[in-house]
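In the two complexes below, subunit A is the common chain; its partner is subunit B in one and subunit C in the other.
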Partner chain A sequence: MSYAMTEEQELIQSNIREFVTEHVAPLADSLDKNGEYPSEAVVKMAEQGLLGLVVPAEFGGLEAGYLSFVASVEELSRASAATAAILVQHTVATGCIGRWGNAEQKGRLLPGLASGETLGSVAVFENGPKLGAGAEALIARQHEHGYLLKGAKIDVGNAGKAGIYVVFATAEPGDGKKLTAFIVSAGQKGIRVGPITKCTGLHGYQTADISFDDVFVSKEDMLGALHGGSSIVGWTLALAAVAEAAETVGIVATAVKHAAAYSKQRVQFGRSISNFPAVQIMLAGVAANCHAARLVALDAAALIDQGKPFEVESAMVKLLALNLGQKSLCEAVQVEGGYGYSEEMALARLYRDVAGTTLRNSPAEFPEKLIAESIA
Partner chain B sequence: MNLTSEQQRLQALAREFTAKHIIPVAMEYDQSAEFPMFAADEAKKAGLNCMAIPKEFGGPGYDSATQLLVVEEWAYGCAAFATMLGGNGLCSYPLLIAGTEEQKKLYFAPIVAGGFGAFALTEPGAGSDAGSCRTVAQLAGDEYVLNGVKCFCTTGGYAKVFVVFASTDLSKGVKGLTAFLVERERTGLAIGSVEHKLGIRCSNTVELLLKDVRIPANHRLGQEGEGMKIAMKTLDMARPIVASIGVGVARRALDECIRFFLHKHSDGKSQPSQAEQFVMADMAIQVEAARALIFHAVSLKDAGLPYSKESAMAKAFATDTAMHVCVEAQQLFGSKGLHSDCVIQKLVRDAKVLQIYEGTNQIQRLVIAGQILRPEAVKSMSQATGR
Partner chain C sequence: MPKCLVCYKWTLDEQDIKIEPEDLSLDSSRAKGKISDFDRNAIEEAALLVEKNGGAVDALSYGTASVKQSLKDALSRGPGKAFWIGDASAEAADACVTANVLAAAIRKLGQYDLILCGEGSSDLYNQQTAPRLAALLGFPCLSFVNKLSVDGEVVTATRKLEDCVETVTVKSPVVISVLSEINKPRIPSLKQVLGASKKPNEEVKIADLGLKPEDLHPKAMRKSVKGFVMQRKNVVYKESSAADNIAKLKVSLASEGLC
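Now for the complex of A and B:
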């Protein structure tokens, strides 16, 4: 699709298209209706190597890079953004360990994550006005050979299914502003995964609040340096934002395609409504914005692959995705009118899913802040 | 605008009604999609049922502004409840426009008694293009025989009486359209499929099947061929009501944001960011502007002046506002706005239909453009500019 893709990346994209047609698309509607975690699809993704897309070959991954990952997320999301969200949450945790972990941590953890034996997750958000500041913030107290985690995280993706969580806590003693990242095994004593949060969309992608009651983590499970978690959080959320934008793009691409097909067969005033400028303007605006967001997402992914800073580009793609997502679905449904509003038609699920792609990991800061500060 | 003491009383009554009967149960009814019949009974008890029906027929006969105020309060609680309760006013409009004394008596009596009326214009192949209606009415002696399928009929599954639009002469297109009054118990009238909708889930939206339905010729509203005119006048009257649903929904989204941020910063040490403040300020501007536009439209109507353009403007602006404000509110809420137990996600689903029903907002723009792009407009411009 793009000048930016190598032959290998295009091959991965076409393989995943086939994979999605065969294993993901047929289940998408029932996944939305029953909301059960799609274990089989995850196993199939693991068999396909998707869970290790960004993991180096030495740890058993495909080493295909972030551009391939982002392109794959779009393809999955065209059929099922909930399934894509599971992969995104996993890959953000995996990428985080790959980027910030030491040799021992990578050797110990990446092979399991790449094969799909272990599912990954990151736990960032807390109740309260600011990360690390609320009454329910996660605190790490020093304890012989390690730390004890106490507090809670909210809206954690892959909750209950993940084998390891990358969590961010405020380590004591410290000034309360500096975060520290830890890798926590889901089996640790004191972790309690709350009930699965019922959400309006992305059914099948499990999120829950997780409480930590003096959960022990050893010094070996500290990711990066003590009080060095803030840059890891920034990187993690930036990666998540790029991948989530690809989810948005995938949903919107399907929605606009559906609306365009509908507009061709829907006849009013003696001709198909696809001939009316009012309809063309809606469809064209969505398609153009969708294409722009896709390119910026791929561009940000390419920067990650090159080891360059990508946080500003990520903020830009997040901003584009925020403007693209729900508004595009509003337009697509508008084209289909009363029929588009029916839960028996394709757009209703996409309408409910799309907000989750842009908002489920939304930090309090507006993406505009980072972009504005970066303009020089 | 200045409200009369009676209008203030009814606004307060509607607010109380909403707090007591709608808000506590709206989320449950959204989940179950069960029709909230109880709310119609309560509205009747409160004197808020079938607001448009004149006093001489047993209704309260409220003025337009009062109807708008009440509907906005209902919609603040739930757009589906407002659609159902407000719809029982809208379905009276064709009778007010074209009904004879006898027809009004026949139609209004079951509604005043607590039943529902329904408006059946849309067909599977005739949405925005109402003129391509395929339902036919054939005169046979002193009866009409109706055949066809109507869809997206609001509260149709519970209605005792319908206003049905059918063609008395397909060759005439729009000019063949005629309105009829049809009772539920007429042989051959059946309810088809029920819509499962993205939003306003507990409002009832059905297909109406008409197979050799025979009605007396005196059930015809107006003359043959006047159907389109009656439909358009009905929509002119109904659009400000739908616009008020938009204002109610938008105001609710704004209030939820205010509550959310005041709670989030209740420690007193922090406050919403300027970005958040501006978003909420914009929401407030739009809610006020939308309401002002609606009341402007009905003030023209009450003064007996043309108001089609302003009615269409109010509908398009207020419902676009509702959609926009709800999406912005969800963004302010972040992940919490995705939770099924959070009203914001319901508002985002409910708001969408407002841009579609009672004439899509594209049709409103056609109406507005048709009114402003007129040769007479150039004449008055010439007077003003000397060109």
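Now for the complex of A and C:
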């Protein structure tokens, strides 16, 4: 094991639980129904300090680390995974700049990201078989004093709301595999955010495709080294996987609690169905798997805080979350029977949300390939 | 500028307490601690007064060894320093013992203008700490307070009583117990949560308070605690028409004075 929560981390977790009860849970249902971006909740998250959780104190952040971040994501997701997803997307971008940015970039960008003045996002995926390979692959051509970005990114979170995008492009000269990361301001000429994608779940968390039409980025906005983007994208996806697993855990924790409460109220054959072994087996299985996934997610987060490699552990978290998420929601709905399937009950939203937390950001070769190759 | 002391209790979170269906005993083995709800209002009110008038807020708590777990939580909510008395005597302490210990500690800590408490604790809700404390210290006591202001030495409070609302003024020092409606306790920011560990706290040893053994001997001994479970009546009306069922339901509710 790599972690044991400190008193401060437990305080952060209970503080966020209180925050969620007050400011996030009351919005969750209406957010799901109207799908509007939860501006008010994001402002509250910024005031609470959540947007600067992983930012070093010298840049205005709390420097509370990734374990605190992942625990907070679970707490938020217990009420609204869509709100948590906004934080995750922002923090992954912030984490990239904190981890790979130079002193000038950190000093210029991190204070605004930590305070919430600027929202962050990461643009990774493209419409081709792999990064840099499709017709619309994002290519960075050398230009006087910098690069011109041309192409498109798909499924970009916080699209239209972010002020800063961490963008991965194939930089020329290159062989198509060598990625370079750039920090791109949302206001740059040539950026066009497409229509917001209508998704099954996570309503209110905006994703869209973004096209880049000769968008100029200076050399000062290159994140890390030229052709050094592959390791950054690996780190980015691994961090996102851990955080999204925490989203899944939060959703499942709420679902199993809801199903257990229902089972105590629902009477069949003269006694509540919570006494039936078939129901107990379903609830127990979900609760146990949820607990295991939580521990693995927090463990991976602790590795990040310790500066240790965490990509394989992150892949394991992703795999566990994939297995946990939709199966658990099916089980929870089963416990509630026909009522559970109704949009009137909370489980319907959770069922749709867990599809978002488990299926997005899932390249075909991840996570099984990474895990299998790591077995010595 | 008032110098305030808030007395708070570290209680078990009632949401985590399970009632065993067989004998209605309470299982608190998995219950976490929390600052008693009304005491949060007291802390918030002291913080608001100091934000408005200047001055300082300290916090004081008497409990078992677990009270130490409360310090960062309490300090994140406004107080600049926390004093704590962790002693096994708190396990069986009644309101009398609690007041004896707190009063002795306050005498030792020095002069405070306002001593604030919650109206009652989340667990026992005896509503006795503030009046007993005031009596022991020889200070006036204002209970059931839902509005509070300070102007120099003059403290003005609105008290919500059973059949009226009265506004009173007293000269400090004074002991005040507040109702939950006096304010809405803020949720500390994460910066305040993390900053709490940098604030000072000090243990006050019960042995240093000059208390006699009888001061720590509870006058009321709790013999048992049982949970309360609302029992459903499980009455089912099986008349052939809905109108008859409703009529029967109406009669039943009327017989219990519910309509």
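Definition applied: the second predicted complex is superposed on the first by the 372 of 376 C-alpha atoms of A that agree within 3 Å, B and C clash if a C-alpha of one lies under 4 Å from a C-alpha of the other, contacts with A are read in each partner's own complex, and residues count from 1 in each chain.
Heads up, the rule we're going with is that contacts are C-beta pairs under 8 Å (C-beta built on N, C-alpha and C of every residue); 3 or more make two chains touch, one makes a residue touch a chain.
If you're wondering where the values come from, they're calculated on a predicted model, not measured in any experiment.
Undergrad: Let me test your reading of the model: by the given contact rule, A:Ile12 touches which partner, first (subunit B), second (subunit C), both or neither?
TA: After superposition on chain A, A:Ile12 lies in contact with subunit C alone.
Undergrad: With both complexes superposed on chain A, which partner does A:Asp155 reach: first (subunit B), second (subunit C), both or neither?
TA: first
Undergrad: With the two complexes superposed on chain A, say which partner A:Gln326 touches: subunit B (first), subunit C (second), both, or neither.
TA: Once the two structures are laid over each other on A, A:Gln326 reaches subunit B alone.
Undergrad: After lining up the shared chain so the two structures overlap, which partner does A:Ser230 touch, if you call subunit B first and subunit C second: first, second, both or neither?
TA: neither
Undergrad: For A:Glu47, using the defined touch cut-off, is the partner it touches subunit B, subunit C, both, or neither? Pick first, second, both or neither.
TA: second
Undergrad: Examine A:Gln188 and indicate which partner it touches, taking first as subunit B and second as subunit C; both and neither are also allowed.
TA: After superposing on A, A:Gln188 lies clear of both subunit B and subunit C.
Undergrad: Comparing subunit C with subunit B, which touches more residues belonging to subunit A?
TA: More residues of subunit A are touched by B.
Undergrad: In the overlay, answer first, second, both or neither for which of subunit B and subunit C A:Glu344 touches.
TA: first
Undergrad: With both complexes superposed on chain A, which partner does A:Gln280 reach: first (subunit B), second (subunit C), both or neither?
TA: neither
Undergrad: Pick out the shared contact residues on subunit A: the ones touching subunit B in one complex and subunit C in the other.
TA: Residues common to the subunit A contacts of subunit C and of subunit B do not exist here, since the sets are disjoint.
Undergrad: In the complex of these two chains, what residues of subunit A are touching subunit B?
TA: Answer in residue numbers: 125, 129-130, 154-155, 197-202, 207, 267-270, 278-279, 322, 326-327, 330, 333-334, 337-338, 340-344, 348, 351-352, 355-356, 358-362, 364-366, 368-369.
Undergrad: Hey, which residues of subunit B end up touching subunit A in the complex?
TA: Listed in rising order, the residues are 122, 125-129, 132, 151-152, 195-199, 264-265, 267, 270, 273, 275, 323, 327, 330-331, 333-341, 345, 348-349, 352-353, 355-357, 360-362, 365.
Undergrad: Under the definition above, what is the set of subunit C residues touching subunit A in their complex?
TA: Touching subunit A from subunit C are residues 32, 69, 72-73, 76, 187-191, 193-194, 196-197.
Undergrad: Which residues of subunit A touch subunit C in their complex?
TA: Against subunit C, subunit A makes touches at 7-8, 11-12, 14-16, 18-19, 22, 47-50, 53, 62, 64.
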